[in-house]
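Some notes on the structure that comes next.
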C-alpha cells in the first residue's frame, strides 16, 4: 500500500513528433532525464487544453516507449486515441509545442528472473506498453507471444511492429476486418496451451482484463494486467481511481490504481464490481 | 432605441495576417461579403479560446479597416492589445486559423454632409477606428486633424500611418516617451481653437471620453465618441453593456452600448456614473 | 415512424423543447436577425415588473471560469409598455411566447397576473420568484416556502383562465424539492429550474467586488452540474410535474442531460452570448441525439436517468 | 519592513496562509515528493471517521466545465490507524497539521474529539459537518442549524484543552451566515468555507448518472464565485471570526480574491489534481501580489474588499 513511484517528476516536455497511425497518434516528447527512469507499465499524466482550458484534470497515458539518449536527453513515446476534449487537444498539438507532463507514474510490469514463456495481450491502445515490455522480456531470454485485439483493423496499433518484435502475433477484431473475428479472450486458451505460456501480461479495457483473469486463473498461471480506472490526479491524492483488490490476508480494499497500479495481479482484483462495492470490502 | 445593426452576420473568419506592431497586434481576417457592410465605428465580436475554452463570452474589437475586394471577398483588420486571456489567445492565433466572428455590430460614426473641420482623438487602441473614419471624412472634403494619446510610445498605434493620413498629428504620452507629456485632453482646447474644429470624433477609455466631452461642450461643438463598456454578448441580448444616456426629451435611460452605441453623442452621455445609477434615471 | 419532438408544460404545447432563457434573448428582435423565432419551442421574455426599472449600475457582469456573473437588476420598461410593444411584435413574428414576470411584493405578482389575464397570444407565464422581496428584508421569494407560496398563490388567484404557470426557482436553498412541492401545491402547473447561483468576483486591481451590485448571478456551463442535480431531485419528488430546465446548456448533449434528469423542455441562456445561434445548434443536436439513441419521442427520454439499474 | 505572511485561526499560528484542502492531498506522502511539506501553511488531512470506510463505488468522478464532481464517500482507515500511521509521519516531516474529522452521528463527533484530545503535534481540528447524518434521514449536518450546532457542541465538549476548532460548512444552504453564526456560538473558533456544491452529471452514453453515487460534490474554478460570495457574506456578519477559505483556487490571484473577501487562510484542493505544485504556485504568487499592492502583512488584506466605497 505504499508504492508511490519515487521517480515521478513534473516537466515541461516539448513535442518532438506527432504522427497519425491508423486510428491513433504516435507522439514523442522530450522529457530529459526522467526517460531513463521509466519502466514498462508506467504511465504519464499530462495537463490538457492550454492556458484557459475548461479541463482541469490531467489525462493519463501509458508509456509506449522511453528512450534515454544520455546526457539528460530522453524521449517518451505515447500512443494516443483522439477521443474526447483532452485527447483531441493533445493530438492536435504541433511539433515544438510544450506540455506539462508528470512521469514516470505508477507500478511497472514485474519481470521474471527466469527466462519464461510470456503472452502479451493488448486491447486497442492498450497494446502501447507491451512493445517496451516485450523488449525487456526478450533481453531476459523470455519467449514472447502477442495477441492484439480491437473493434476494427484501424484500431490495432502497430501490427507490423508487433510482428517484428515477437515470436508470434495473433490479431482479433470484433468486426473481422483484420485477423480472427472475435475477442482476444476467444483465442487465449489455445495460445496459452499451444505455446506453454507461463505468464500473461495484459493491458486494455477492464472487461477484457476480467476475461483474461478468468482464463489465466483456470489455467493456474500468473496474470499481470495494467488497469484503467478514471483518474483525476494520477499521483495518488484524490482517491477517485480505486478498484477493489484482495490483499495477501484475504481482505478486500479499495486501492488506488494510480499508485498501487496500474499494473496489478489480475487474480487479486475483484472484477465484478462496476458501480458497487464488493461485499466484505474493508470498511463497507 | 431600435438601432440593431441589420447587417450583422456570424461568419467563420480565416486569419490572413497577424503582425506585432508596438504593443499591439495588427490582425487581418477574411470575412467575405460582410466587409462591404462595415462602417467606421462598427465593431466585431469574436469567440475566444477554442473548443474547450473556459471563456464563454465574446470579445469586442473596433474595426480598424474593412476592405471589400468584390466577389464576396472581404477583409476586416483589427488592432488587438494582448491584455487578458481572450486577447492573448487571439493574438497567439496563427495565419490560417479560423475564428467565429460577428460583424458589423453597433452604430457607426455620423458623417457630416458638409465638408467640416474634424478632430479625431484616440486613446491607446482607441485609435483603431479613426483611420478608416479619416478616409471617409477626407473623401467628403473634410479637413482632418488627429490626436493620439497613450501611456507610452509603444502604445501609440501606427504613428506613421497617422501622420500620412491627416493634416496634423499630435501625440501625447503619460510618460513623455513620445510627443507631448500629458493627456490628450491637455492639448485639445488649443487644437480646437487653432484648427477651428467643427466636430470631434473620439475613441478610447471612458475617462478620456468624459474629459473630451467636457471640452467639446465648453466649446459648443459636436462630439461623437465610441464608448467601451464591458460586453457579454455584443448583439444586444444581455443588457450588461448599458450606460446612462439622456434622450431628446431629457429622460435618462440605461442604453446598450452595443446597439445604441458604441458611437454616441458625447453630450448625451452621463459620464459621472461609475458604479451608480444617475439620479433621475428612468425606472431608478 | 417519425420522431415526435413536441412537448408540453401544463396545458401549453410546443413544437419543440428548446426555448430561450429569460433575460438572455433581449426583446427577441436582436436574435431574429440570426434565425426566425418560429424555429424556437418558445421565446421566454425577460422578467418584466410592474413599473419601469433602470436596473443596477455597471459593471453588471464579470466572466468567470466557464461561466459569468450578472447583475442586470431586471432592467425593463414595465408591464404596460411591454404589453404594448414587445408582445405584439413577437406575435407578429409567429413566435410562441412565454412571458416572465417578477415582483418585489406579493401584491406586485397579483397586479402582473391581472394585467396578463386578458392578453392573448401567450402560451404560458413564467413566474420568476428568485427575486428580492422588499417586504421581507430583501430575502428572495423562492428562498422561503412561505413567501414562495404567497407569490404563486397571488398569480394563481389573479390569472384566471387557462394560462399555465411555470414557477422559476433559485438553487440557492437547502432543499429545492421542498420549495418545488410548496409552489406546486400553491397552484404552479410546472417548474423552471434553475435560476442563477449567487456568486461574487473580487477585482484584484481595485480590491473591491467587481460588480457594482457586489453579488451577481452565476450562469453558464460552470453551473450545469447543479442544474442537472436540481432537476433530478425535483423530478424524483414530483415525477408528474413538468420541468423547464436550464443552466449551462451549450449543445445537444448538455440539453440531453437535463432531459434525462427530468426536464420536459430546456432554455438556453448564457450560451447565446457566446453564440447567437446556440439555440438552433442545441435544437438540432438534441433531436439527432435522441433519434440516434433510439427514442421515438422526446417524451420517452424525459427522466430516463431515473429508471432502476 | 519585511512582509508578514503569517496568519492564525483561533489560537493556531501558521507561517503562511496556504494550506492543502481536506481530501485533496492524500496522506501527505504523495505530495512530499514534489515539495517539502514544511513549505505549506498546513497540511489539512482528509476527513477521518471513527471506523474504516471503503468509500463509494466507482466511477467516483466526472470532469465538468472548469471543475469536477467527486463522490469519494470518505474512504479511510478510521481514526485509530490514522493516528498510528499518518499523523506520526506528518510530524516526522515537520509539517503543520490540521486534522479533519467527519461523523455520521453526533456521537461520532464526540468520539473523534475524545480520540484527538490527547494527540500532540496537531495545530487545529477541522470539523467537516458537510456529511450525511444517518440519524436524520441522511441530511447533511451543516444544512440544519440544529444538527450543525449539535455536532460542533459535541466536539467542543470533548476536545478539552486548546485545540482550535474550525467548522467546515457546505454552501448548499439558504443562508450560510446563519449556519456560521450557529456553529460559532456552539464553540467553533473559526470556519472553513466552502465544501463542495452538490451536483450531478448524466452520462449520455449509458443514459444514467455518471457517478455510482449518483450525485457528487462540485469543486474547482467553476465554484470560485460561490466561495467568494459565501466568504464575503460570512465575514460581513461575523467580522471577528477567522475563515479558512477554499473553492477553485488555482493561482495567487484567486487566493487574493478569497482573502479580500475575508479569508485569513486559503486551502487549495482540486487545483492540485491538475498541478501537484499548485499549492507552491499559489503561495508565491499570493505573496508577490500582496507585496506589489502595498500591503505590509497578509492580515491587512483580510476582508479588505468590505471597506466603504
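For reference, chains read A, B, C and D in written order, and residue numbers begin at 1 within each chain.
Everything below uses one rule, namely that a contact is a pair of C-beta atoms (placed from the backbone, for glycine too) under 8 Å apart; a residue touches a chain by one contact, two chains touch by 3 or more.
All figures in this text were calculated on a predicted structure; none of them were measured in a lab.
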Quiz item: Taking each chain's centre as the mean of its Cα atoms, which chain lies farthest from subunit A?
Solution: B
Practice problem: Look at the interfaces A-C and B-C and say which one is made up of more C-beta pairs in contact. | Solution: B-C
Quiz item: If you average the CA atoms of subunit B and of subunit D, how far apart do the two points sit, in angstrom?
Solution: 47
Self-check item: Whole-Å separation of chain centres (CA-atom averages), subunit A against subunit B
Solution: 55
Exercise. Provide the C-alpha centroid distance between subunit B and subunit C, rounded to the nearest whole angstrom.
Key: 35
Exercise. Would you please write down the residue numbers of subunit C that are in contact with two or more other chains?
Key: 62, 65-67, 220-221, 309
Quiz prompt | Contacts with 2+ other chains: residues of subunit A | solution = 54-55, 275
Practice problem: Take each protein chain as a node, join two nodes whenever their chains touch, and name the resulting shape: line, ring, star, complete or other. | Solution: complete
Quiz item: Residues of subunit B touching subunit C in their complex?
Solution: 2, 4, 6, 8, 10, 47, 54-58, 100, 102, 229-230, 232-233, 235-243, 253-254, 259, 273-277, 281-284
Quiz item: Touching subunit B in the complex: which residues of subunit C?
Solution: 23-26, 29-31, 33-34, 46, 51-63, 65-68, 70, 72, 75-78, 212, 220-221, 270-277
Quiz item: If you look only at subunit D, which of its residues touch subunit C in the complex?
Solution: 62, 64-67, 69, 143-144, 172-175, 197-202, 204, 207-209, 214-216, 218, 220-226, 228-229, 232, 248, 253, 256-257, 260-261, 289, 293, 304-305, 307, 309
Exercise. Under the touch definition given earlier, write down the residues of subunit B that touch subunit D in their complex.
Key: 54, 275
Self-check item: subunit B contact footprint on subunit A (complex, rising order)
Solution: 48-55, 85-86, 88-89
